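Each structure below is given as structure tokens.
Okay, so chain A shows up in both of these, paired with chain B first and chain C after.
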Partner chain A sequence: MSTEDTTDAEARERLIDLAAEFYDQFAAGEIPRMELPTRTKSNIEYDPEKKVWVYGDRKSTRTANSVSGARKLLKASYTIDFLANQLDEDRSSTLRELYYLSESWNNEEAQFNSQDESNNLVEDLEIVTGATREDFHMRPEESGAKVMGPLLIREQTQRGDRDIHCQKDVGQGGYQIPNDTDTIEFLDNDAEFVMCVETGGMRDRLVENGFDDEYDCLVVHLGGQPARATRRLTKRLHDELDLPVVVFCDGDPWSYRIYGSVAYGSIKSAHLSEYLATPEAEYVGIRPQDIVDYDLPTDPLSDSDVNALESELDDPRFQTEFWEEQIELQLDIGKKAEQQALASRGLDFVTDTYLPERLDEMGVL
Partner chain B sequence: MSTEDTTDAEARERLIDLAAEFYDQFAAGEIPRMELPTRTKSNIEYDPEKKVWVYGDRKSTRTANSVSGARKLLKASYTIDFLANQLDEDRSSTLRELYYLSESWNNEEAQFNSQDESNNLVEDLEIVTGATREDFHMRPEESGAKVMGPLLIREQTQRGDRDIHCQKDVGQGGYQIPNDTDTIEFLDNDAEFVMCVETGGMRDRLVENGFDDEYDCLVVHLGGQPARATRRLTKRLHDELDLPVVVFCDGDPWSYRIYGSVAYGSIKSAHLSEYLATPEAEYVGIRPQDIVDYDLPTDPLSDSDVNALESELDDPRFQTEFWEEQIELQLDIGKKAEQQALASRGLDFVTDTYLPERLDEMGVL
Partner chain C sequence: MTSQQTTLGEGATTAEELAEGQREISIAEFFEKNKHMLGFDSGARGLVTAVKEAVDNALDATEEAGIRPDIYVEIREVGDYYRLVVEDNGPGITKEQLPKVFGKLLYGSRFHKREQSRGQQGIGISAAVLYSQLTSGKPAKITSRTEGSADAEYFELIIDTDTNEPEIGTAETTSWDRSHGTRIELEMEANMRARSQLHDYIKHTAVVNPHARIELREPGLDEPLKFERATDQLPAETEEIRPHPHGVELGTLIKMLDATDSYSVSGFMQEEFTRVGKKTADSVVDSFRDRHFGRELGWPARNGAPAADVGADIEDALREAVSNKGADATDTFAERVANSLTERERTTYSQLVEIVATVADEVGADTGKTFGATVRDNAVEAAWAELTEFGTGGVEENGEEADGDLDRLTPTLYELVDDATSTRKDDAAVHGLAERLAERFVALGDDGSNRMRLALDDLTTLVHEAADTTEEYDDETFGDTARENVVEALWSRMVTVPDDPPNVTEIAGDRDTASELLEAMRETDILSPPTDCLAPITAELVEAGLRKEYDADFYAASTRDAEVHGGDPFVVEAGIAYGGDIPADGSVELLRFANRVPLVYQRGACATTNVVKRIGWRNYGLDQPGGSGMPSGPAVISIHVASTNVPFTSESKDALASVPEIEDEIELAIREAARELKSYLNKRRSMAKRREKQDVLGRILPQMAEKVAEVTGREHPDIEGAMARIMNNVGVDRERDGETVTLKVANHSDRNEALEVTEIVSAEPEGLPDGVEPIEMDGEWFVNWNPEVSSGETVELEYSLPTDADADATVDGVDDEKLTVNA
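Our next item is the complex of A and B:
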């Protein structure tokens, strides 16, 4: 799927084409249907050419041969109508607004019963049309995080273009990533690499210590599980500016998943891996090995931590020498540590010692 | 407590004075102690002069007459030493870093056992010294939210001053509020009022619909329970620019608490009410009355919603005609609604109809 250059008109056309297909199926006396890849862990596979994980060959079919199946296609038709109008008028809306908006539809059967239902339908439409939610002008609830570093961008806003340097034209808080990062053009940069940082506390530490300035690093704050906008921007920084990307998280299984969502994409949105994932992104830490090497303050692994680690060992995306070694070490020591635990060595340890050592080992510096 | 003009040197001096008090108590053969107001709902009272809720007269004493009490004062002394050095060096750190840093202290008894412990101690030090966490250069984990509207600010960053217009110099995401908003100077503005908005989805709707521009409104995104930085900035916009402040949230008891934290301050930080609270802030909605008037899509109240509403009826800060009427109505109808439920009337209903009507009723427009 190549979505980068999908225009509003194209996205609209693909949606209308899908509705037209239902129409043609009806007209030909067939039961209308929509075919989708099965979206489970067992149906994702590595695409060596695109270097990302994508859905495999297993398919599920939504068909109108039952009342509930027919209702699904009815909801799809109403949603297509709404999205086509939205694109026509150059408006946008959130997933939550779509859910509530359905209450105003004249056919009660077409209204959504829960937001999960409308969210899933929008994902289905992404897969079938090969466009993205952003192409439909659907915004997420929460926007992307923020960037600090030697990068000059031009953002095309509703109110005109804005040229913003992500160090010189922003406050201590940095540049706020908008919902749709494809409105951003990279004008100029002096960056050597991109570092995605999980927590706000560590992001602020790096900025306070001037790490972005000293190492010409673009510090991208993930803010926990990163929004699509943040992942998309990271991928574009890598692809378009040819910058190495590293990910700096807490040392626990949930944080490895955050790394995974940057590097591999998620199972739920494997249809967007090529658009959102940066497979070349490398994991800086906190590694279980760091817990041992630097004798970091730790918490014991909980049962759910252990389960999550075991499920990662089982996940094809984590079946590399690095991850198997680190996860087995972590199960062995039974401990986890946060990024900010590095403060037990002093506030400058992370920028004076830890990161330079790790980045040198990894060949980034 | 007047903290606005506390300089680094003053904050440092007050901390050292406290340590000196322990010393003098020792020297005089007394058991060292620290006296604090009791921080519970039953010990807050309305200060009609300052127009905020503050702690009452009930006191608790931390005293070294037990091992655990002595340990508390030891930890306080080590923390004072750390903070005094931090201020000397013009550095800052997060609450979490303080917790981890304590592992590097040479006396194991002084190290914190949990972050709650170090957080509480910092609050104690705020109360006793009459300074704020920000005066000690302690940063929160997460920074403030973002602002969009006709306001020109100057932010004094570590890297020099930045002049930023919160419409013309920012992207669609707006101006990112820094951790310490006392670094911000208001240079110029065309604003008529401030509207604090709970959810990102609604904030984006207002910006997309150009509400800030049409009504000369400063849209402040709260992002759920607002960070101190966001509350402090809101208060300064009210006090220094003489702007009315309104709060726009979901229609449920948790959102009324968000309003409460903007308007009244929180029980845990009643010592900071004068610094953080904007008692003149008014509640726009969603009101239970709106659920009825506009026939909004709702969810039923859960047991914990009902408990929270009842506890609000019991809270002196909510004992006004407006809140008693609205909360009783809500218990009566047994329903709650989100801000974005207004989308059931169309995407422009909120900016074309709902807000203009409500703001007119309230005398803001």
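Our next item is the complex of A and C:
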């Protein structure tokens, strides 16, 4: 996967350019610094051209003028050195490996204190260099996400190309999405649409009930907050195969954020929204309206749920008529429901009634 | 003392018996009963108190003689007793003075003096003598040598406990190595359990008396404790002052009235009090008159005044009243009196008497007719009756209809009440109040001539009565403010009467009158007492004293201006020492001083402690567990209160009483010093942060530079400039180009800096600017610049030097933490 065709040499070049920038700042008697867009909810804006949410104009400057700023820049310098060498040697590593690897650096000040710190730094470098972490040969630990449905692909593996049909050639678990989806080529498909499902339990229910087969649906398991590869694959399925995308989650604020990151892009990786987000993705449910209409078994909203919902009302990504109505309704009834709550009407209710009706309504079927 | 009350009904006999009984209590018994109050309640404490009294005495004696005190204190075990020796280098005392100074309890020149001195009640050293005598049975042994005398004198002194009279047992000459001074030796039952208090007392005395040298020897010390002199400056000499009118109490006042030679109140005030001249005395006397006699309310006769145009009526009435003086003289008299009255805003009875008298004299002189006392009285009564006409004259005169309903008072009062109360009041009610006031003023004359004379209290009562009645009948409220305003308006229009105030003897004889005078004195604005009777240590010496005894990092001190409590002036001083060798654990040490005497006991009961506890010390950078109470940390706080009358909680003078005025000043003094502490601590903290930042960045940035050099494959970059900028530093860099030397002083901080750059070079420098002269010393040249560099600017200092010469720069004027010298 790549934002554009960035070769290893180019990625390496960009990293070294950043180091050279620090060097020049030192040499000019200036304070070394790095400018980044402010990565908060208040600094993302809708790009009508690309139809995704990207960072706004607000910038924060990380300078060596403070102890913590200087430490971050020192770590950045060490990480640049490491990544440049990795590209030079055509090796790759995971984000977690980077974190542990820093322990081996001869400088304690440069070592990472947490996995989050190294993850964030890699994201910073992505933003500043305009390359992606895949360009740096950095992988996340695992994506965990799977696809099931009438789709034939060819994956370049370390052991040669493999043609795989995502229904016939795979087990009940489905096809495991690799970290770098640019290694996948779509060969053929009979799919009508893509359905991203939040929970493993619901995915298994759909597969067991043969929903993918019956409706020619590509069921993509998100597994919580979806990994970049899952989102990228979803976008490619939509863009390259022209398939409509729907998202099926729990009926709570955290699930709406999962939908948000599929459809609009996440705040942390807004610099990659253009390549990861599928703005056309639609939300199937569970909707607060469903809780009322189907009289689903519910849990009360906790304080943190209420805060999250209120925070979503402030989130520019959710400022649409549909979401405002649904969120306000949910705050009103004070309840939330899981996908599996549909089982209260029988195991087949979701595949026989709920989804066909809803998808028909949405014009997907 | 014992408190017993005379039982009612038994009368004077019991009281007399009781008084007799009291006279029979011997001084020893008195001492025994009161020793806790005097500071001798235990052997341990008795010793400390004895040392304290003797040392205070010695300090006072030397200072009064203008001698820098050199005091020696020794405590030795002698059998079952302890022997205390205190020596000073004072002027010495003669045999005649001796009993007075050391012997008689409650004797002391200071007892009636208003002057700052250590011992105030004169109870101290004689109590120690008595204590020693009572516990050991030994006399006090006193050696004294006056300046210039060949020999010293030695006395043994005991106090006759029946008569409270000192007796000198032995008197002989002896030799002594001091050229002048006094030595007192007391043996007493005691112990050294209060050793730490004793040491504290001596140490704190040294802190607060930096001009004194003090030495202490006691059995527990291997080496004597010596406190050397930190200054040669003696405390300023104090002036004795008379009492201040605001500071006396009724009993004292009556005693003073009894004792004075003055006849008049005015003379008494000027003679016996400080800050009272003729003018102030007059104000006091006027205020006294107002209280004693009341003021008089006057009425208008002026044309245009409400219900006035009374001139013609007065003239008529006067013509009626004067008889047998002939038409001309009568007319002239009546006309002139009436004219005088109509020209005046308002006229009181006393003023009327005076006007009638003046006019009568004038007209008498002009016409040759004599206006005798009877005529004058009649004239006054007639004119006053017209001025204060209030519908009472319902008698027909000369067949004309009497102006029985004429009321001159109500309209005048109406105007006044209307002005004084809010505009929202019902008009009829205001009129009603005015009428009721008028009725009551008129009624004042029921028991004699109605002069409309009232004291403020009576006026207030009268207004309240009138207002209450009006509220009842006119359905309108006159609240407290409205009533006060009416009283105020009336009182301000009333006039002090010209009557002579009672003389001093009369006042002294009547407690109520004396109380009126006291009130008048308190109510009159009088300048604060002079402060030359006080000898503050001064902020400078408070600090010097702390510096002498505490090895700290920081010292601050403050002296407040003199203030007054009661009639006594006082000055509060505070000092703070912080850090250094002061122990950091536990509460801060609090040093309390009153008139330069350390207070050792009863810390918890002392006003100074209360004030320290109520200050929020966290604001000033000290820890304060729980946000109140004693702060903790490595600090010493010293507080000195100097006054002509330091209020103590008890006779043992261990703790300051809580007097709000003094507490407020203590707080302000402490806060003043604490603010300096705060800015010091803030600076220290920010310096510590800066140092930490420098340490970390000084480590990190070269590593980062090395790393980016490695990644980019370039040389290690020069990071000095970036470092200096990051540190907000002042950087001094040297450049040498051939013979030209340039010192670049770059100020990266956000404030202007004034530096002192000193260059030490091994050859003679050339090409220096005007005003910069090299100074040669042992083959080295010192060059000194004082550049001022604005924030963000760089200044270049240039000169020439042979290329093989060495140069080394040192920079002052900027904190080390902010300075990067690369030269």
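Note that in this section the second predicted complex is superposed on the first by the 354 of 365 C-alpha atoms of A that agree within 3 Å, B and C clash if a C-alpha of one lies under 4 Å from a C-alpha of the other, contacts with A are read in each partner's own complex, and residues count from 1 in each chain.
Heads up, the rule we're going with is that a residue touches a chain if its C-beta (ideal position, glycine included) is under 8 Å from a C-beta of that chain, and two chains touch if they have at least 3 such contacts.
Given the structure is predicted, the values throughout are model-derived calculations rather than measurements.
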Partner with the higher number of touched chain A residues, chain C or chain B: B
Partner chain in contact with A:P316 - chain B first, chain C second, else both or neither: neither
Touching partner for A:G29 - first (chain B), second (chain C), both, neither: second
Touched partner set for A:Q340, first chain B, second chain C, both or neither: first
Touching partner for A:I16 - first (chain B), second (chain C), both, neither: second
Contacts on chain A seen with chain B and repeated with chain C across the two complexes: none
Residues on chain C engaged by chain A in the complex (per definition of touch): 692-693, 696-697, 699-701, 703-705, 707-712, 714, 717-722, 724-726
Residue ranges of chain B touching chain A (in the complex, touch as defined): 91-94, 96-97, 100-101, 103-104, 139, 141-144, 146, 155, 157-159, 162, 164, 167-180, 183-184, 199-201, 204-205, 208, 210, 213, 223, 297, 338, 340-347
Residues of chain A touching chain C in the complex: 15-16, 19-20, 22-23, 25-32, 64-67, 70-71, 73-74, 77-78, 80-81, 84, 107, 109-110
